[in-house]
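Shared chain: chain A. Partners: chain B in the first complex, chain C in the second.
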Partner chain A sequence: MKPPPFAYCRPHSLDEALEFLAEHGDEARPLAGGQSLVPMLNHRLARPAVLVDIGAIGDLQRMDRNESGWVIGATVTQRRVERDGTEGCDLLRLAMPFIGHRQIRARGTVGGSIAHADPAAELPAVALTLGATMVAASPDGEREIPAAAFFAGPYMNSLEDGEVLSHVIFPTVPPTTRCSFREFARRKGDFAVAGVAAAVDFEDGSVTAASLTAFAVGANPVRLTSAEAAVAGRHLDEAALTDSAEAAAAEIEPWDDIHGSSQYRRQLVAALLRRALQEVAP
Partner chain B sequence: MPDTFELGGRPVYTGAHVTRRQDDALLSGQGTYVADLRPSGMAEVAVVRSPVAHGRITAIRTAEAAAVDGVIEVITAADLTDVAPYPNFAAYTQTPGTFPLAQDKVRYAGSPVAVVLAENRYIAEDAAELVEVDYDELPAVTSLEAALEPDSPRLFEDWSNNRLLDLQPDDSEVAAILASNRVLRRRYKMGRHTAMPMETRAALAEVHNGRLHLWCTNQHAHIARTTLSYVLPLAERDIRVVIPYVGGGFGLKQHLYPEDVLVSWLALRHGRPVRFVEDRAEHMIAAAHARDHMIDIEAAIADDGRILAMRVQVVQDLGSAEIFPGAWCPALTTAAHMTGPYDIRDCVVSVAAVTTNKTPGGSYRGFGVPEAVFALERFIDEIADEVGVDRLDLRRSMLLQPADLPYTTASGALLDSGSFAESFERVVELGEHAYRQADAQYRSDPDSRVGVGYAVLFEGVSPTHHGASAHWMGHESCTIEVQPDGGVRVASGVTDQGQGTTTFVATLTADALGVEIETVRVELADSDATPYGLGAFGSRQAVIGGGAILLAAAEVRGKVKKIAAHMLEAPTDDLVIEAGRVHVAGSPAPAVTMAEIATTAVIRTIDLPPGMEPGLEATARYEPELMEHTPDTKGRINANAAYANAAHAAVIRVDLGTGEIEILDYILAHDCGTVINPPIVDGQIWGGIAQGLGGTLYEDLCFNDLGQPQTAFMDYLVPSAIEMPDPVIEHFESPSPNTPLGMKGVGEGGTVGPAAAIGNALAQALAEFSPQIHETPLSPAVVRAMIP
Partner chain C sequence: MTAPTARRVEPSVEVPISVTVNGEAVEAVVPARQLLADFLREELRLTGTHVGCEQGICGACTINLDGEPVRSCIMLAAQVDGSVITTVEGLSSEGLSPLQQAFKDNHGLQCGFCTPGFLMTLSTVDPEDYPGEEGIREAISGNLCRCTGYGGILQAVRTVWNRPKDA
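Showing the complex of A and B:
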């Protein structure tokens, strides 16, 4: 479990980092908190010739709120988000404790987790549920990518060669929106066997908008559009919960692995979604 | 039993909360492990392992790897021309002919095929990737059921089947009872899991003045030394094995692994230190796996559910069996525990141990007993359901009562003492109370069901080594030397993997000599510095090592008193030793100190009583008198020096949505006879429960149909502090009349019960769904499938 040889550089500006990445092309990988990339190096599952450590770039460490939401730089640690809080973005707060352990969150970054696009990771699910915007930087400038278009398969994103994820904009939600984040993992801190995220808005007790996402049940987090349709305009009574949970179980296409079959993951999503909807029901 | 098995006087440290000797070093990072040793000129190895589970090696190309800058040599089996296969002393088994590197064939994914020796591990791993091996793949045997099939592919072509061991005793008496009674049959399986010590395996070999020094993580300095001499072209006198700090053994480090031999061979060949430190990815596939048993029970049942007779078949999946000592002994141990602490006079067990294309099985805490307890205790609950009697009353009707002791089980185990019924009743009392509280709390929750389950058990402790090796028996050794300043050096063959061995050695030595514990220096685990002993396995060290300490101390004590009597001009029999001073009982002055006596014994020998030999030391060996090493003609054997007992209760909540089992309460009453150090005993039980729960709920070493291991460390779910319940531990003390001080071993009692207790609790919690609970692990997915 020793990595193959690699060169390492630690630029202090985004421009410099983009230059390194452009110069080395496919051979280079940006390194943020290292919580996924370093184990992959040790297992020799990733073999970049050059690691571009983006941890010293001040521009990537911004964390502020503007009119569109929370702007979180790529190398802001998960622990900082957890500690500083993100008012108006409850789902992010709810998801944070599920990411690994505190020690992992102290190194792991928001941008790193999203760019890594692990199917079982929490932050991609939050991004998809809230409709976050990923901002990619390249020598040509910045490009905005909506969450729904960002994840391109397991461990794959839609960044182009030479681009680096510079920050993510998580939209804030109105106070009437209620959120729930539910995850089933074998042990505290493990990757999810299945999880759901919910952001639901109500008027007079009826659902006016529902954004429901399942994760760890496919290549990328997936919006549960049938389950959303099943609760649209309804009170979240027992019948609505059942309809939505059954719709969710039917619309996902989970895989089998040693922690559970496809069938088991459908059952889990149904149970977790039911509990999430119970939690957000006014 | 000799009456020398007593402490010299009133115990000061035995039974008290003596602080563990190694804790300061361990907690402040001062403990030196093999991975901390860096002698100058040290080279490191990386092992090239087979990616194929079963195949014939057709070519190995090493030239490209050997040409890498910093690579010293790349070796394969063909280079080891002066190395012998590991021996097999068990005439009743077939022989795998294990060799340190694969010769011709590989039989599991992870099998060592070649070794790269390089200036450091980074270079070694880079070069290892360049070694090219061609395999003709063969069909893989990946389960014990498949291995038992008559037309199964064979791992060893010179065998006629895959049965390394196949013992079919005469079952005619039991068959007759089965034929004339109601019979119940069930099959139980325990999954494959293993120890995950904080420190992986490691070995560092050096050559000093023509002698091999091996620093390693093995649990036995002397057995390791002897085994190396069988395999390497080296006389035993030219080998020294030293075991520095070890971060957990759990049985897994009982085996002398190929890497231990390979670094030794390379150090001898190149004359420089060579080190192997296993990484965690290697540990998952190349360190011994364990459990993986199938148990079929047929029992004749009385109308009230009592078991009249049992016919049992135990099958153990050995993996490739390429390990030394061999790994079949857990199956024999399962067989010996199939009647539990119940009065079941007729029980016959056949045992098969089969080879499959998986990582070799080996020793692991519990060693066949968790399998037996899971099967029998689940079976009793199932009988109760089937017959319609209370599961607790059914146990009560069969449990051994104090008046039944001593009792010899159907397998030949001599239960000379114990608190089987008492510990069970106590756990039932606590368990029922906890269950009522849980039931009240969750009754109105539609997503939850609660249940309580029980297991009551005995476990053989301090066993003979003969069952595993057919070579070593069961003794332990001790040398005690009092030095001129009165300080005591005690050297023993026992070893310390972090469980506190050093502390009990100091404790018993101090009390047996009547000296202050601070004056006792303990030397363990160096084959040059300690008398030949067998080390750590089977919860034996306090019992058997303790016996050796007491025998050696008695001899030293006798001489101390004789010298003191001479110096004080008092009768020997009137003297007592307390806190390192000898005086007449009842009058603390005049006194002579241990320093004065020892100075007389080894320096001012002119002052010794006339005719007395100089010196103040003794070496003793203890081999328990009643321990048997080979079975009688009916297969019965008293293979242990003692038998501990325990009762477990688990109160659980099942989440009907996810299938997750939450342990609300875990209660355990344990009896290991006389307790030397209460906190250490509690620690052993805690750790044992953690490993028992791990194998029951979380840990699973999976293989696919090609024999490819599917469980990386990330997916191997060792329970952490968060998953561990806060157990209630109660102690019973039934001293054995046949062991030194009445001690019994404590290392495994926590591990052997959880599977049964949780399985039974789950059966109660989900009773409305009539779940079939016959296998572990009970993962959430497995449990969820029991719920409609």
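Showing the complex of A and C:
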């Protein structure tokens, strides 16, 4: 299992990377951390003629906090987020230990995982839960894409030809917002059979806003709008947990595969959501 | 955006790299498609880095790249230009390192195929990031031992991290 032949370049500026990608069109692929793309090359599931390594571009390695939230460059590694933390954006930090293993997170990038849009990946679910903004760069400039419009199917995103995901803006949440991230996998570090992410805001013990997401249950992560409605304005008591978990199980349409049946995934999401809500309850 | 720092270098099937491996500076021109594990084994003859699954699952090919444990079977040699690498051959200049000795003393290897990966993961991470018995298991969770000799491996780590089992 070795990659097929390709030409490689490692530009030091985003402009130059965009030039190469424009010149080679469909034949070219950007390479970030390579933790998904290189295995795909080894399996020859991907056969790009040109790989444009964006790992040496300083602009894409920024990680700073501004008034809109954490601005995380596409090639910031998952390990760096795990190590340095993202104050005011706990959900991001909570999700990191679930991504592969330490060795994968050392190379795997925030932008790479989001652009790859694996249905079972953690970062797309975090982006959707928090309402992150994806910033796409092209020779024509920058374009912002909300997370809810970014994922376009399994392993598909809504970037146009010639665009590269340059950074992601994860909004910070108020201190009253409590977050939980839960997933079930057969072995530590495996892709999730199902998972949930929750960001819930409270006032006097009652839910004022809830953003609940399930992942690994379909083509892309999904907001659990019925489960959110079930807890709106309520204390997270036993009845509220049951209503929300049942609503989640009913509203998703999980797929069957070798890792679990549709019915099993419904039960998993209900159980995981219940635990997540218990965790965030004040 | 920053201005290009150097003249544009066109995509090529051969890539020049400068890298430090086990303390020695290496200059090479590598095929673009060459995996880092294969570069280490076939060009530098550092065959201590083992290639198991070639898809980033088993961890046998783990090396220390700029202070982080990484899987060399899912990296391209072309990507390590400017980096500092330690392989299992670089763990000790004389005899066995304390970690290696602990593996030997505690039967932390059976067939030995996975051992370089375990050693490189454990020698690269900071034990303080992995507290307690559960931490040891977390630290080695990215390395598979198909002999399932985990008992001896755990005991070796407890010994070298000075962590009694019941602590």
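Everything that follows uses one rule, which is that the second predicted complex is superposed on the first by the 282 of 282 C-alpha atoms of A that agree within 3 Å, B and C clash if a C-alpha of one lies under 4 Å from a C-alpha of the other, contacts with A are read in each partner's own complex, and residues count from 1 in each chain.
Throughout what follows, a residue touches a chain if its C-beta (ideal position, glycine included) is under 8 Å from a C-beta of that chain, and two chains touch if they have at least 3 such contacts.
Keep in mind that what you see is a predicted model, and the values were worked out from it rather than measured.
**Student:** So in the superposed three-chain picture, is A:267 touching just chain B, just chain C, both, or none of them (first/second/both/neither)?
**Tutor:** It touches chain B, and chain C stays clear.
**Student:** In the superposed arrangement, does A:12 touch chain B (first), chain C (second), both or neither?
**Tutor:** After superposition on chain A, A:12 lies in contact with chain C alone.
**Student:** In the superposed arrangement, does A:258 touch chain B (first), chain C (second), both or neither?
**Tutor:** first
**Student:** Determine, under the contact definition given at the top, whether A:275 touches first (chain B), second (chain C), both, or neither.
**Tutor:** first
**Student:** After superposition on the shared chain, which partner residues are touched by A:103: those of chain B (first), chain C (second), both, or neither?
**Tutor:** Touch partner of A:103: chain C, not chain B.
**Student:** Which partner does A:2 reach: the first (chain B), the second (chain C), both, or neither?
**Tutor:** The answer is both, since A:2 touches chain B and chain C.
**Student:** With the two structures laid over each other on chain A, which partner does A:184 touch: chain B (first), chain C (second), both, or neither?
**Tutor:** first
**Student:** Of chain B and chain C, which one touches more of chain A's residues?
**Tutor:** Answer, by number of touched residues of chain A: C.
**Student:** Tell me the contact category for A:242 with respect to chain B and chain C: first, second, both or neither.
**Tutor:** neither
**Student:** If we overlay the two complexes on their shared chain A, which of chain B and chain C does A:50 touch? Say first, second, both or neither.
**Tutor:** Second partner only.
**Student:** List the residues of chain A that touch chain B in one complex and chain C in the other.
**Tutor:** 1-2, 4-5, 43, 188-189
**Student:** In the complex of these two chains, what residues of chain B are touching chain A?
**Tutor:** 121-122, 125-126, 129, 279-281, 447, 657-660, 698, 700, 702, 710-711, 714-715, 717, 719-720, 722-723, 779-781, 784-785
**Student:** If you look only at chain C, which of its residues touch chain A in the complex?
**Tutor:** On the chain C side, the touching residues are 1-6, 8-13, 15, 31-33, 35, 38, 54-56, 59, 62, 65, 68-71, 73-76, 78-79, 81, 121, 125, 138-139, 141-142.
**Student:** Quick check: in the complex, which residue numbers of chain A touch chain C?
**Tutor:** Checking each residue of chain A against chain C gives 1-16, 19-20, 24, 31, 34-35, 38-39, 41-43, 50-53, 55, 58-59, 79, 100-104, 106-107, 188-189.
**Student:** Going by the contact rule set out above, which residues of chain A touch chain B in the complex?
**Tutor:** 1-2, 4-5, 43-44, 184, 186-191, 193, 258-261, 264, 267-268, 270-272, 274-275
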